[in-house]
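Accompanying notes for the structure given below.
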């Protein structure tokens, strides 16, 4: 076992359907300054009426890869396969109690056919569930369409743990928005900043700075830090922070106040499945209220909502610090000395 | 503490300047099928004469962000700053025993000036070292050039823990190539595949599949899994797997044999600094031979070399499995039953 | 009037539903070496049985942009709007004889709602048709949902004449595959190359070279040159070569022969609409057989098929030249001297 | 010849080193509403004191591609080649009166070595000049380093007429900033908009809308339209609008006024070379004052400055129109009726 330093941060105040009330969150990380920084954001959440979290979408994906004689044959085969979506849905359903087909997507490049299966996967993040479903679908396709040959069980059009645009555009994982309106007084007192400074920083650093760096569907300061720490503490496959990091901050000064939001299109989290058997992880999930008797998928959605709130807290705090010259380094030095 | 399941995998056979001989590596992960899979690749390395690891480059970066009246002023200021590179190098050197300025880069967007400092940072991955250097440089710039205003200590042109093209093109972390020539006989016997199948998979899945997914400077199956597990076990800031995952597999059939390579332009690892004080981590680094008395930076370079070898072992094994229909799922089921 | 040097190239041999038989194509360009180069590819097409062109998809898009109080409100509004797709389809249909709604897509970032309308647009490329439809839909949305405010008639999620991943993933313009199997003998005699050299070049230059350059859904040598010349000669809005250039070459050695394909997911062409009134353009379209009495959209599909064939001819020829040291420069010098 | 409708737009008022005073510009395009729209922006420039254009950088590039036994050999060869930069500079200089080597860059992927030559090319855009230089350098490298084999004269790491991040980050073409401070009164009267509306549109459409679309180093409304029209009218290779389109708008409300800027990192224009012999083009270049007796490169820089100003005029006008519901469509309908 490798022990990762872990601390509870919070409580964070939430509002909305996914999570309501105050919840503390465990963060497992070697980067321990993350704790006080996220805690500062949590403090703001408690004074500002809470972070509203909204679920836009959820699904898990796997893309099979098939090879035809040529693009004409690949396209013709795709049209026939697409028309049999109901049969494919039945195959998916037959592979698991929880997997349900939501959508089929395709890309065709020359003679290569990529079919992306999008599934609901209950409370699991669903990697293995969709792989099993994909294998069954691929076997069936190969049997029904002898003009197609096996190329790969995964064609990277899924795509798992890799930078992409597809996951944000077609969906993968839980798409969550966390947002909060922060009174100007609170902003000045607790975060030593102003709506104007936060707006300028978001434009100049996250949006334009990200753009010149050649980022892709990504405009934030450090979503990845919070995601890593929360994923590790809750038994997630933390390599999925890669797509998780591709999210956006959007802010709006509203008079004296600040609207602050974090949009996370690809949170890949679950409350059951691999990594969740670990007793420490179970204790964390219990304390988060994510192993209650609920509708299928509701525990995982709650977990995603809390995760998005944690990201907001950490992002808000670091961004505020960066609006002031010298503050970031001073904070680091104090923590190291402290 | 959150305990992450950890197992030693190997030994992996290495050849070349960075690492020579056999080394086992610790992998901390909830995804335990990664262990036997990577071990299979390690077995191939021992029979195929070892993995050659080569360091192409190393540096750590931070970009400061300044605001001018307009682009004409920003450009003029940049020209004057650039001409004083030696003074800036002295400032950087004054902030740490190990930091040395290597290069300055810039982007100018309208009236915004982004200056990217690239530094050598000894055996540390160097995040804090370059932040400290950047702060000193920024203070100096603001003093010397009153026409520039503070905008942010970090302008996302660095870029840390976020998807980008800049890190691969201008460099961040250690740029390492791991490669091995695998005899055809070994390929068939240990990996149940052929050079032709591996070539087709790399083209169709990693290169074209990655491209249709809208990836960016990334063509691999699952670099992220090995990076995460190795980073956690050795006390690294594992959020840096994001840039780490942006690497490429390139293969060439050579007669009956297969040339297989993993190029990792952004390995961000160190043997000193935050996360390294953990006793378990120290034990891992000791066992890896990465805390020996060596030239400055040599321990970290050795660690990067081992890391790249681990990535190659895991990538080779998964790719080989995916060339055969059904093999991936069977392996997972066996492990779960076993 | 600015006169652009124009020459007919071909005939190019076609096979398949979209185009059958031999067709010559006009290329308007200042880069006159493009003519003999594309003509060389056309010659190969006549000896190799013709280029097969396949249409995978067609649509034109525009995205409206709306602003809500917060993401919760934006998401709620989207759900209600999405459920009224039939009403929106009727609105679209009311704005033009040809526009038909195919699909609605959305992105939500904080309190911002982007709705992407995808429409069939008959024989027009459809820019203006979808803008008109989008305006009508947006007016209706603003009337029905007072919680949404106007932000822009176009939210760049369309996206027109700009680099993106969305156009390839969700579709914009005509998605065409052009492909041909070239006998080895022909390859050596007419193009002085081999299947192995062409495969290596495609991997090393288009796929990996493109990847290290930080390209996005793009792996080709010079699609843009042929697209520009064909678009100008046929009265298209040539700024759409930007999305047009984001296409892929895929090749496969097949014994002695070579399978060569160009996949063009975003050809934006029409046979009616702005730019088509020019008499020279009309003459070109007539000669291409693209102003015949045909089913709605069939003339534009034929035009897209011919365009894809032209791209293949030019790409094949340049790639073959680049497999041989010195050939490209020699060809240029000969043309300049000749 | 294909005649493209062309109109002079302006005069546009300029200030700064590159261009000073009023200049009208020819725009060749089938999209004729571009003329009045750009003219509106030109009108603003005359009342607002002129558009300031600044040159940040200029260079033209070509990347050769070489193949080694393995990455260790490729890396070793690169180190030796890099150390002989002076010899390479002499080779480059020997191929043309104007080509001068500025920089060498490299990427190494497995056993593949990409070397990017960056050159000054006088008043030519320089495509052919750098290809000739690259061929000479590649021949020399192959002679000196028999461990390297020819792979391609162009490895797509250049990169020409294709979407990339490399051209913006390492430079290709002329990097120009065009900017203007527009009094609030003028903004309301001539453009019917306000600083706040323009700021919101730039954030919501160009920056965030571009990001969700999966754009790459690109945040603008329609740079491509102006680039295409200006490139065609001045004999440029208009396929280079692809990299040209990858630019950014940045705006800042300043009290009642608006700072508006267009950053164009990749303008690829010249006043001599292919396409420039056309009499109509010569007349256009003459009228633009870009064929005067000046220092080497100064005519091309002036042309780039005018081009950037034209882009600003068109961008400003369209963005202003999009801040108001219905305005864009009304303008189109009026023009069509008119």
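Points worth noting:
Order of writing sets the labels: A, B, C and D. Residues in every chain begin at 1.
We take it that contacts are C-beta pairs under 8 Å (C-beta built on N, C-alpha and C of every residue); 3 or more make two chains touch, one makes a residue touch a chain.
Because the structure is predicted, anything quoted here is derived from the model rather than measured.
In terms of the stated touch criterion, the partners common to chain A and chain B are C, D, listed by label. Across B-D and B-C, the chain pair carrying more C-beta contacts is B-D. The distance from the centre of chain B to the centre of chain D, each centre being the mean of the chain's C-alpha atoms, comes to 33 Å. Chain centres here are Cα means. That of chain B falls 37 Å from that of chain C.
Within chain D, contacts with two or more other chains are made by residues 107, 109, 112, 165-166, 168-169, 208, 210-212, 214, 216-218, 248, 250.
Considering their complex, residues 1-6, 26, 28, 30-32, 63, 65, 67, 107, 109, 112, 114, 128, 131-132, 135, 138-139, 142, 150-167, 169, 200-201, 204-206, 208-218, 220-222, 224-225, 227-228, 232-233, 235-239, 241-242, 245-246, 274-275, 278, 280-281, 284, 322-323, 325-326, 328-329, 332 of chain A touch chain B. By the touch criterion given at the top, residues 165, 168-169, 203, 207-208, 210-212, 214, 216-219, 248, 250 of chain A touch chain D in their complex. The touching residues of chain D, counted against chain B in their complex, run 16, 52, 54-56, 70-72, 75, 78, 107-112, 165-166, 168-170, 175, 177, 179, 181, 214, 216-217, 248, 250-252, 259, 261, 263.
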